[in-house]
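Written out below as structure tokens is the structure these notes cover.
Lettered A, B, C and D in written order, each chain numbered from 1.
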């Protein structure tokens, strides 16, 4: 598994594995020529889960489970601490099943990060004999404030080693979310949440949904590259066929934001977020916060990139006349 | 005729004779992040015409009538047997009129194929003195379970040797379909079926329609290449003018699926189908099965291509949470 | 004037002076898989103005007034005679004002052309002291069956020598159309007829409208090239600005076809027509006939091009199941 | 500040800093084949602010504050005098705060320009202790007929030296517009005016709005180049993110034209105007006049460009049958 995870990371950094189109480009915030605020008074604070973050930007969980992943997680943790924003880790399965690699995740607990998000896969909850204990262990590993249960059946179904057992996931989500004291969110990993799925999730005890839609990194694309490297033409073609599978993040948001808000759910939008303008677009479409993933680790400097995110979020807020995140939610949006 | 058929096949393998746009790219199945099924329990079985196939994928009839065609048909028959799916042959006119080439079709009868589809042209039914006997002979030739009567007036009208007599075809379809004990389907060959044509066909005794729409191989394009080779600039230009003539397969499906279903007709969608995701798209739009043609013979390995079709169909079913083909019909579709 | 007309012709043959987009590509005729006619029984005959033509295709008036123009007109006249279709000539002003060049127009009278269309400009009717006599002289010059009065204010306003007096044109059209025994049509030359203009024309005694819309040769483009050659950057830029000015022919047809039909007007569609499929599209959108211009003289062989037009018109009629032009008018059309 | 202003000008002349798409290309005026006017009787006179201009074209304020800016302003003033049209200057802050550079603005007062527009920034009105006196000084400096207060928060928020205090601007606009005898207009500088902002402005005493929308020069783009030159990757990326920020000029016009007209406001459309056809499009969409900026100074000859503007405006008026600017407002427009 280590080798696979490392391969995933390397491919996503070195190859073009982005979806064909980034749908955030279709979302325009309406300019306010008379913002009637001062830029310096803009407050990007995001309060949620009893925590206070300097911005509704989350460093999405990306990796873990091997030495280099620990190095990446530490460097991201430094940024999360410096900018006082939320941060997740990649699927903790490896760390839960092999204590030797747990450090590659738990390293982030050494940093003062206001919101740490643990991460286990829904398929693993099914496999593990004691899923609740494992979830608690994952939380403890990184001293997490929130647990994300991820749904990644696109990836599972494309990779040869994939875990294609999905029956019972909803029940496990229900069990885990009702048993833990830590808030639980459910997180898609690049194919989006439909209305129908949102409705099912609303009947559990989860506290939020990360819609993780299509538009950024394509896991099918990564699998296409992996298959190519090992000469497996069949799986390579499969990866190409599903390269753009999924609901684009902004369209997924449009589908589910209203019913989630009405139900008091936290909505995080991940998938294709490249900068603070995309974060602002997500929030104007109904998200509470947005997750940034590959844009961060593929830039020359992740720290500079985060600085760009903060400045571009503030600029978008200034140019739409929003003093705070709450006002940003009411900004007029034009969709192409 | 042999030379012409061979030329057709060679051009369709060696030249770019695809329509300018494949309209299946406009059809998106809505992702189900919580499929709540296990991939291994997915059942792609298709039952129709009293037969059971492992998937609603048909190897569309493409060739016949000369030696190399027999080799191709045999290799496709092996795939159809291995995968237990339906298979058709190219127009059997040559084999019916010249026993020496009948083997290039009948070779498929040597294989255990669950659904074999004989193939005669509507214009030939008009020409032949005893069309019903000829149709029975065609069925017998390959031990067919179904007879397809094809409509190919685009090709007939573009090729110089074309048979441009269409008057009376409907009556012949009526006669043949009411006289034979074998079920009869009517099959377009790349230009699609309109609502008006579907209504006329519903008044005959046929059992199904293969809408064979625009989007895959363009017969006008093939004729453009043939004309170019013999220096006939007029026919070459004619081929270019009609290169993209016809109703795109998904739009043809949208037109006719509902009235055909209501009438109890089997609907097969051929035209631009490249893989199992396209098959799933066709079924979600109302087809019972989909036919794959040029994508199979232009790939490096037709067998590997079929494996890709099966895996991608299953993947699409898994990611939309469909345990069987019936459920796939109800999947939500977004059209661009 | 001779030099200018020659320059026009040379530029339109040698340079790319087509509009940026040909809107006929947006018009799709719905395929009829069961045409239920025989191609050989298709009758493309067009009867109008008491004449019978073998097809509703008109060789649009393009040139005249200098020696080479006479050669071109003669070669086009041979095609019109051979194919028994209508033919026009370019603006006859030069021939009316200078008898020495009248032969470049009158040459077509030596051929048995079923419908010959004389051509004078609306601005000239204003300038001439005796416009009705001049119009009669133009008719006599080529033994015309119809007189076209052309409106070409786009060209007039872009070319430095342009005639920019438009006031009174409608009154002159009224006078001439009510005074002559020969039927009169009004013809735009590349910028189309709006609903408002059509309504004004319906109040005169003209017998038809050639909507001459945008999509084929751009007169503004020709003027851009002429200006460039003489180093006039201002007029060159003006030509570029108005390169795509005008109402696209199919959209102009959609605007005016119905009210013209109701008023018993003949509607001819010129502008961007490249072949018989475009002719069929125009007729399905409401035209009685279509004019072909630059596509004819820029092809290697105008005669072969006409053969392509006839074959492609018949093919389009066959594939939509139309036995005659009247039926073609009722074919279903999809517009992008 | 001088260096920055010079840099702005140089970059906007030498680099590609245009928005990705010019939305005026989506606006089509409906051709009038029978204009029934004579081109020479077309009257492009624009009367506003008690002045008479030969056309509703304004040379938008672009520069000032350093020696070369004075040279440019003088050459533009010569054109404004020759063509008898309105002209503005760049932000006069530099000239107000440093008398040594005032001449680079006041030079235009030496020319007989029918409408001179002074220019101060809304943020400066906030900073200055005596904003009304400063505004009067700016008016006096160029003997202005109108004062424009510009809103340029896109630029301010992107450039590192930017003035990001926007609170109180509306109140200052109210104060200045009610205190001065000279009419005041408010002018966006490339990001457009929304309905909401227009409504706020209608409650002040201003006489007009220059909607200065997106589509022409992008100030964010200029800042991207400036940042690149000084090696500031963060600000460079910020410039790229906001390159196409703003409401496209024609869409901004569609938003606000009606309510502004009803309120008796003068509406000027600047942003992406390249020639007289764009001016005509703007007027047909509801503007009273249009401002041309970068197209003028990036052409080989600004004077020839203005000649093109006049001729193309007249041509557009001729081809839509408009004798004067009032009629142009009623021309039918098709938007893509």
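The rule is simple: a contact is a pair of C-beta atoms (placed from the backbone, for glycine too) under 8 Å apart; a residue touches a chain by one contact, two chains touch by 3 or more.
As the structure is a prediction and not an experimental result, all values here were calculated from the model.
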Same or different contact residues where chain C meets its copy chain B, judged by the half mark: different
Geometric centre distance via CA averages, chain D-chain B, whole Å: 61
Cα-centroid distance, chain C relative to chain D, in whole angstrom: 43
Where chain A touches two or more other chains at once, by residue number: none
Overall pattern in which the protein chains touch one another (line/ring/star/complete/other): ring
Touching pairs - complete list by chain label: A-B, A-D, B-C, C-D
Complex interface listing, chain A residues touching chain B: 122, 151, 153-154, 157-158, 164-170, 188, 191-194, 196-197, 200-201, 214, 233-234, 237-238, 241-242, 245-247
Contact footprint of chain A on chain B as seen in their complex: 30-41, 275-277, 300, 304, 307-308, 311-312, 315, 318-319, 321, 332
